[in-house]
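Handing you a structure now.
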Amino acid sequence: MPLTEEQQGEIAEARGHSAATLRPVVPALEARLHAPIPVLDHGLVRVVDYMGDDAAVVQAARVSYGAGTRTVRDDAGLIRYLMRHWHSTPFEMCEIKLHVKLPLFVARQWIRHRTASVNEISARYSVLDREFYIPAPEALAAQSATNRQGRGAVLEGDDAALVLALLKDGAARAYGDYEAMLDEEGPGLARELARMALPANIYTQWYWKTNLHNLMHFLRLRGDAHAQWEIRAYAEAIGEVVRDWVPLTWAAFEDYRLNAAQISGPGMAVLCRMLAGETVEREGSGLSAGEWRELMALIGRGG
Amino acid sequence: MPLTEEQQGEIAEARGHSAATLRPVVPALEARLHAPIPVLDHGLVRVVDYMGDDAAVVQAARVSYGAGTRTVRDDAGLIRYLMRHWHSTPFEMCEIKLHVKLPLFVARQWIRHRTASVNEISARYSVLDREFYIPAPEALAAQSATNRQGRGAVLEGDDAALVLALLKDGAARAYGDYEAMLDEEGPGLARELARMALPANIYTQWYWKTNLHNLMHFLRLRGDAHAQWEIRAYAEAIGEVVRDWVPLTWAAFEDYRLNAAQISGPGMAVLCRMLAGETVEREGSGLSAGEWRELMALIGRGG
Amino acid sequence: MPLTEEQQGEIAEARGHSAATLRPVVPALEARLHAPIPVLDHGLVRVVDYMGDDAAVVQAARVSYGAGTRTVRDDAGLIRYLMRHWHSTPFEMCEIKLHVKLPLFVARQWIRHRTASVNEISARYSVLDREFYIPAPEALAAQSATNRQGRGAVLEGDDAALVLALLKDGAARAYGDYEAMLDEEGPGLARELARMALPANIYTQWYWKTNLHNLMHFLRLRGDAHAQWEIRAYAEAIGEVVRDWVPLTWAAFEDYRLNAAQISGPGMAVLCRMLAGETVEREGSGLSAGEWRELMALIGRGG
Amino acid sequence: MPLTEEQQGEIAEARGHSAATLRPVVPALEARLHAPIPVLDHGLVRVVDYMGDDAAVVQAARVSYGAGTRTVRDDAGLIRYLMRHWHSTPFEMCEIKLHVKLPLFVARQWIRHRTASVNEISARYSVLDREFYIPAPEALAAQSATNRQGRGAVLEGDDAALVLALLKDGAARAYGDYEAMLDEEGPGLARELARMALPANIYTQWYWKTNLHNLMHFLRLRGDAHAQWEIRAYAEAIGEVVRDWVPLTWAAFEDYRLNAAQISGPGMAVLCRMLAGETVEREGSGLSAGEWRELMALIGRGG
């Protein structure tokens, strides 16, 4: 149960108060406002506030590029043009604020995105709750033999059981130590010190606010197949939100970022030779083995 | 007349569409939404969108500092505490988007604030309008003799008349040259080149979006007595907006920033000696002439 | 002659003082240090200071990715891998500081890059010099008929003569007005007001400091064929500097950014069908006319 | 012993290679380059690279404010003026790169400063070392009864012994679990998952690069009495480095930031009444209890 009673009360209260506004309103996002989207075993993402919509992107772009843009393109076409040509400032005109509950090791990856505003629960002020991320069996994977940062086969049998036991027992013991150190009848250790004992799968919470441009950058990197599975789960949940919020922008983002290919100069030369009917080998192509493999995968000739 | 008919139509349309939202709503700011606030002779500021309110600042702070803060302080007290102790992230949780029309030389000072999103009308794409800032007589001041960046006495008589004539005639001639170079029956020069001829008092426009923390930093620097009078006029107009938007934050900002004094270590030593009844002279105080003068002004002993 | 005697003296002095350091040193960049590279008619770029080199990029990456990276890749290969996979922080470990003299309208485009530190000459404090950018004949181009932000054919004959006369005379008159308003025997107008009369082709100067990652982003956007020719002249000058400074990074930047193609998901589908021997028409491809044109150009089938 | 043999080798090699440069060189900082400064039980700070010096701050300020500044102030006076009047960009012209080894919970506070470049060792790629921060006895303090984020009395006797035992045993067990999960003969769990079990007092390492302005902001907040003692230890170590690097800037920073007082508008009114000889009570002063207490402390009337 990821939400405290107090938080549930706040959500009900927030969803109970509707008011009139002259600002842009996105009904599909209003339907999501304040309500938690579950992620992992105890985590969540919920939209707390937002500013702007697809039309706000268009409005900003039309200020920059002037009246001439009005006749030639409809909104969807303009947004696609902006995305294709790496225009970023119109997308900065939309803003979103999320409440996120996430394991500490995911928070450490997430916070590397510097262009956002964050208010995180402080373990100097508050005693953290006894909630830890314990992976589902299908997420317990072995170290990849070929990729230093990746996962290989899913663990089975005794191996999986051992890992789950170590994670659960370790978390329980660490939280027990935490409480023992904090105990006012005992050491009464300062909270800012006692939290040292807590492992990286404990859950933390924050408010996280960023603009649409930076959010898409986050989603591209953290939703990528190279990102750790746990942070991708958050990226996917947020992606669903963005799709509802700014559907035209999301469609352009899928075509020109998520599903797009970046092909190097030497890689394009290989493609052009292939298109001209030539059979091209890696030797002499100027590409390294890794580049060659990635390029062949892009054109469906991998493996 | 600072607004085109098209813009007036957009404003009327924007103010004509009200919708329900579950987000925080600030009625006093809704009343201002989209409507232009005149600044200088042809400039304006208008609020296009906003996110959050005083309660959003409090909400974020309470996440960080935990339940313990709930009982001891009311919202106003918490906001004052945050401001006094330089906590910045809770104020980042509010965001505002402004449409601003301003002379180019003011835009050049403004853009130095890097933590904002901007979409400016592009003179590569559009032909700029024939609108120039011509100072009102009371704003036409001589160079200060004592302050290299300041203004002295207001110009009078022939001096004022000469300056006004030069500014008006110069702007008219420059705009005439601009049109002549653009003329499709004549040179048809590229817009991106023709705009070179336009002087720095021509008006430009942009959408400018920033968070409340960065906005207050802007207002402190650009509303200061050392800032150029023209940009201060914009800072004052925005200050009125902020007062309506987040009244508790604004009151704390006035007390702890706008009206606060920053006193150096040596300056505090002087004050403590004075409070102990000692007569202190600058000699031996460790303060430079400038610092001494500034300190005496702070305690009402200037001049 | 773009440098004052005082600046020449400073350069000679700076190049005359060599000292020993334990920091990374790049001999090819030392050879350039402090010496101005001419750009446009009166502009310049010169390297004032730098931090780091290709090895600093590698050093930072190896900290992140650990000892395992040491055996599998040499420095060039690692840098290419980082660039290909959009790793940015290792490139942030290098920093450069430039002194730039540039027309004000170029400065306005340049300053939109927010992730840099800037100290610009202030026309509130100083009287600007009488130096204006007057395009060379081959840079005087007509407005493009097909591209709203672009240039078309070079002007010739009377058209060119008219534009040059208007630019030169306009600048001369504006500077004369400026001096007349500043005249201490006359109005003695404040400098911060008098500068309003100066056109956008006057030269300004600044110190500009940024890291290698942000610099490459700047070079990609401002060295692009869509950027205004005048700022591209600066991007090209800086590109030469970067090539000398971090040659491995520059080579990877050329392959994976400058000469790379970004191809959308639908675009890749078209290419894969073509590679399979199919003749593909735009109808039914899912690409807009603009996207189709850009894709055909990438594979050498434009026109 | 905080440094691996490999790191020691790198340091010796780095300190063994001197080369000539035309850049500004600070001999007192060269003496420190690459050499580790111990912090806490296993932590360190070492300067890896730097750019600029006090003269670089002055050089940038003189560009902005022009020739007029040359005659009236010497370098120290100009730097004091810049600091007093909150000019930030000249201080951005200096840059420093540090290698830091620090406990993970300190890293989490540190990373909240967003205006820096960071490359941290990745526990996805590398197996972390068995090194944990175990506080010295004098750093083991009870939770403060009056300050929710502070420490009270130092623990003694059995309380201290219990806490130390829990921290040491907990770290040992957690690291044992980590190794057991990674064991290639056993589960061979992916490193990115196994690191979940590690507590927040494990050491991590990063390269951290920032400019002098942002560094001073960091030092002011993290060297403050309200900051956690462990991060203050790092701030103090870096403060010593900055003092050697830019002594004029450091002196101004001490006077106008570290030792300066920020006094609110109502607080200044109280001081002025006191200076006029009046006896002022909190009632009627307009100050809250907290503000009054802080003000009295500033003028040595606390307690």
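Chains here go by letter, A, B, C and D, matching the order in which they are written, and residues are numbered from 1 within each.
Keep in mind that, in the parts below, a contact is a pair of C-beta atoms (placed from the backbone, for glycine too) under 8 Å apart; a residue touches a chain by one contact, two chains touch by 3 or more.
Keep in mind the model is a prediction, meaning the values are calculated, not measured.
Peer 1: What's the overlap between the neighbours of subunit A and those of subunit D?
Peer 2: B, C
Peer 1: Have a look at where subunit B meets subunit D and say same if over half of the interface residue numbers show up on both copies, different if under half do.
Peer 2: Subunit B vs subunit D: same; shared/all numbers exceeds half.
Peer 1: Could you put a whole-Å number on the gap between the CA centroids of subunit B and subunit C?
Peer 2: Those two chain centres are 30 Å apart.
Peer 1: Nearest whole angstrom, what separates the Cα centre of subunit A from the Cα centre of subunit C?
Peer 2: 32
Peer 1: List the centre-to-centre spacing of subunit C and subunit D in whole Å, with centres computed as mean CA coordinates.
Peer 2: That pair's centroid distance is 35 Å.
Peer 1: Residues of subunit D touching 2+ other chains?
Peer 2: Residues 65-66, 68-69, 118, 122, 125, 148-149 of subunit D each touch two or more of the other chains.
Peer 1: Show which residues of subunit A lie in contact with subunit B when the two form their complex.
Peer 2: Listed in rising order, the residues of subunit A that touch subunit B are 14-15, 17-25, 30, 33-34, 49-52, 56, 59-61, 63-69, 89-90, 92-93, 95, 97, 117-122, 125-126, 205-207, 209, 211.
Peer 1: Please name which positions on subunit D make contact with subunit A in the complex.
Peer 2: Touch list, subunit D to subunit A: 103-105, 108, 111-112, 114-115, 118, 122, 124-125, 133, 135, 139-144, 148-152, 155, 159-160, 162-163, 166-167, 170, 173-174, 177, 180-182, 184, 186-193, 195-201, 228.
Peer 1: In their complex, what parts of subunit C are in touch with subunit A?
Peer 2: 65-66, 68-69, 77, 80-81, 84-86, 148-149, 221, 226, 254-256, 258-268, 271-272, 274-275, 288, 290-291, 294, 298-300
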